[in-house]
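Some structures to go through are shown next.
Two complexes come next, and they have one chain in common, chain A, joined by chain B in the first and chain C in the second.
On to the complex of A and B.
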């Protein structure tokens, strides 16, 4: 269960679409969403990106919704704060709380709606990348962009060892759990530092093992990366360009529209 | 024959620890299959780590192909190319984000050209039957698949000697047998294989020679029969005899089997016991063993044979044959110990089919003919296609 997001990234229906194209689509959508001054275009981006992820990449809708609920709950909270802290425009509602009165104005409501829409658009675009593009492909693009080899190699090792660390953590956690390690607050308080300590030692050992494993295969400072030869197909390039152009134009045309 | 690896009075101690190797003198012949057997803490892993210079003896000398190992960076690279080491824990060996990257690690660091690397990776993955998995991350693979990729990562450097630390630990029995089958295949290509194991059954059936270790020293070095027939020796090394030998010994203690060589397999044991029976059951005719070259392009004869329903058992031998079998939609009944199992079926009067490729075709014929001659039975071989 622990690497389910990564599993989807490896199995989704858009796995074989050119990585750079997917990154441009996701990145472009994020940029348009952030630059929009009205909520129309971001909402459009959010809905279309979610649709692409669920229907084209065939990510199960329920899983997608569960995952999206996490960042969105934060966004809703912050939108609530903005609603009552920002000013400008006509007052909409006034809530007396004890000695204070919390007032929401048209200006603050518009601001809250915009923030919510932008966050929504950004998250959906980011999820599109996360669900359709395995990290491995992003490493290849990073090397293609001539980022320093030290940086990319280290990123690859870190990526691999995240999964090692998770499985170690799960194993240790289970070992504690079967011996009542997490029954009650006091026990949890005692067990957790032990888990952290054990993980530190295990990580250190894994590091030493890694050096042995690399040495055993003649490590000479080089880390292989498979290069993909096939570029993006003209149709998909055109589709991505058309999509970005369309949302860009919509963002421009609807820039003055406010809800309240 | 030349010695592939030679230990001369090798001593070793981890810092501030008592000696874990106390004067090892042993040699592994080129092209042989050698099993290093011994209890936990006997120093097996330590000895294996010396084979490619991962550890340096505190005293004594390790020779690879007759040349003493030098411990400067340049010489060590050459040693590690010649001697491939496969760790016990595949997770410790696979560190790259994808299978392809992991297998390409050795060739790239040896400074191969791009097309050479691609070729080496392709061939190594083909040998272990893992092509098609190139872009999968290792942590998504099963234990057996991880082991195969780990072996491919070493094979990609084209080593002359392969050293395995407990290759079958943590694998289920069928997967373990298939990995051993793969090691046999690699040995057929002329590579020397040295492995450590606790599994006496495996060591007994598979090895040409056994090195028995205990407490940092070599107790005995010899043929599997001599070592596993010595109860006192096995007791000292905290091992037990293989089941076949155990039965053989109990029966010979009761006065059977005068001057017979101990059996190596279920097939040999069955024949020995049958030889004892005074009234042999009236023998029907032996079954036929069909042979099909799995590298062949035309599978019509194969399909005809299978659809006729006369073949009761199908065995696939070797990685290529197994792959071909799955392409043809055949589910083999035997994926390891194939020749022995088909011989046993043939003696029981049933027909079988063996799919295999290349040099193993001749090897299979030879085995069947030799067995037929020695047992005085008539077993027909039919090549199809």
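On to the complex of A and C.
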């Protein structure tokens, strides 16, 4: 729970760069990553996006690495399945397991490497967006994209309530923990629903209070939202365009390069 | 369990986005009607969405010791129906991607289909069906939440298998392999989620049963009977 990246997004060094530009950079890098057919470009994207996030946006490197380890461990697990299932090419290694043999071929190894590289690139680009762009600014962009007003309002209210509920959940959880609520599996199974149920009832009451508050302030179905008028600077726009163009060209040039 | 950013090939990202789109559009339409008729619905939907988000970021007591978390969308489907839950699921998944770097943006369509559409549809069907045949309310909620969680995981395994079929045996072999890799954490998790949601439901009935009556989840008579059993 303490890993809410929004806190970092509000303090990072790229906070004042135009939101749309940051979304284009992150989204563009993700797109080039998954469209690549060889692992070279995705690895390059992963490394450069990580460098931008850690050095330019000044996100603590150690924290970044531990956070990245979680999705990557799942990716490695799933790439393992691909390694032994997809065929094509020469057999590389054969592992006898029980009654049958698991075989990895050059084709499947290339596929597994590619999927791993793409996931790595995608996660690093997603981390870039998560660490540098506060949610509040994304709402303004959503409005700008003409998404339905109900949807944007609902998203904003959910955002508002998340923080309220998190502090509520943490307080309740601490209180339960002090009273040995999570010692052993049976106790945990009793305490957790109590936490969830109390949280729901508490959330509901907050919602009812908000109805009153909104009625008192003449809510008419749309929250006013301040949007920044100043666009991106020409230098940063040029830098983002150059970066995306460069990785795109590299992806095209290296599309035939396979490891195995 | 969400599919990570970059894991699916682009064609499949697009495919799942298109499959999810009609549900989202219909959900949006329902949301608009609901908000026109009942103005108080918006904040209540918002707390439900935030609740699903917070619940799905809390760690569950897990047997295998792994970090597992409930999906929470089963409860959403029981309370608000499957289509509005799809909208809540979309917002929650977007926040999980941007706040917790969990899931992804290109895989949003696939994840939404498994967690926000397939699971809730099943949960809703089980809950309504169970109520109709007069099954014990808590047992129905348990079944709805546990099977919805399990179904979410099966759909995810199927999505992975469709994108990466095995050379020998094709989709089926690949599906079994992906399902087996995650079964260790997902099967106990589904059972725990069912128990947790059923007990949460019980807690809500004990404290504020009228919320459930107002939403049309329980009839007056059933709510009164369940509360009497508590007392």
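The definition used in the following text is that the second predicted complex is superposed on the first by the 257 of 260 C-alpha atoms of A that agree within 3 Å, B and C clash if a C-alpha of one lies under 4 Å from a C-alpha of the other, contacts with A are read in each partner's own complex, and residues count from 1 in each chain.
Note that contacts are C-beta pairs under 8 Å (C-beta built on N, C-alpha and C of every residue); 3 or more make two chains touch, one makes a residue touch a chain.
Keep in mind that this is a model prediction, so the values were computed, not measured.
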item	value
Partner chain(s) touched by A:159 [first = chain B, second = chain C, both, neither]	both
Contacts of A:199 with chain B and chain C, given as first, second, both or neither	second
Which of chain B and chain C A:135 touches, first, second, both or neither	both
Contacts of A:241 with chain B and chain C, given as first, second, both or neither	neither
Touched partner set for A:121, first chain B, second chain C, both or neither	second
First, second, both or neither for A:10, with chain B first and chain C second	first
Which partner, chain B or chain C, touches more chain A residues	C
First (chain B), second (chain C), both or neither touched by A:40	neither
First, second, both or neither for A:210, with chain B first and chain C second	both
Overlapping contact positions on chain A, where the chain C interface meets the chain B interface	3, 6, 135, 157, 159-161, 164, 206, 210, 214-215, 221
Touching residues (chain side chain A, partner chain B) in the complex	3, 6-7, 10, 134-136, 139, 156-157, 159-161, 163-164, 167, 206, 209-210, 212-226
Residues of chain B that touch chain A when the two form their complex	52, 54, 77, 80-81, 85, 87, 89, 91-93, 95-98, 100-101, 104-111, 117, 134-140, 153-154, 157
Residues of chain A defined as touching chain C within the complex	1, 3-6, 27, 30-31, 33-35, 42, 67, 70-71, 74-75, 77-78, 80-82, 84-88, 108, 111, 115, 118-123, 125-127, 129-130, 133, 135, 138, 148, 150-151, 153-155, 157-162, 164-166, 169, 173, 182, 185, 188-189, 192-201, 203-204, 206-208, 210-211, 214-215, 221
Contact footprint of chain A on chain C as seen in their complex	4-10, 13, 28, 31-32, 35, 39-40, 42-51, 53-55, 57-58, 60-61, 63, 67, 87-88, 91-92, 94-95, 97-102, 104-106, 160, 164-168, 173-174, 177-178, 181, 192, 195-204, 207-208, 211
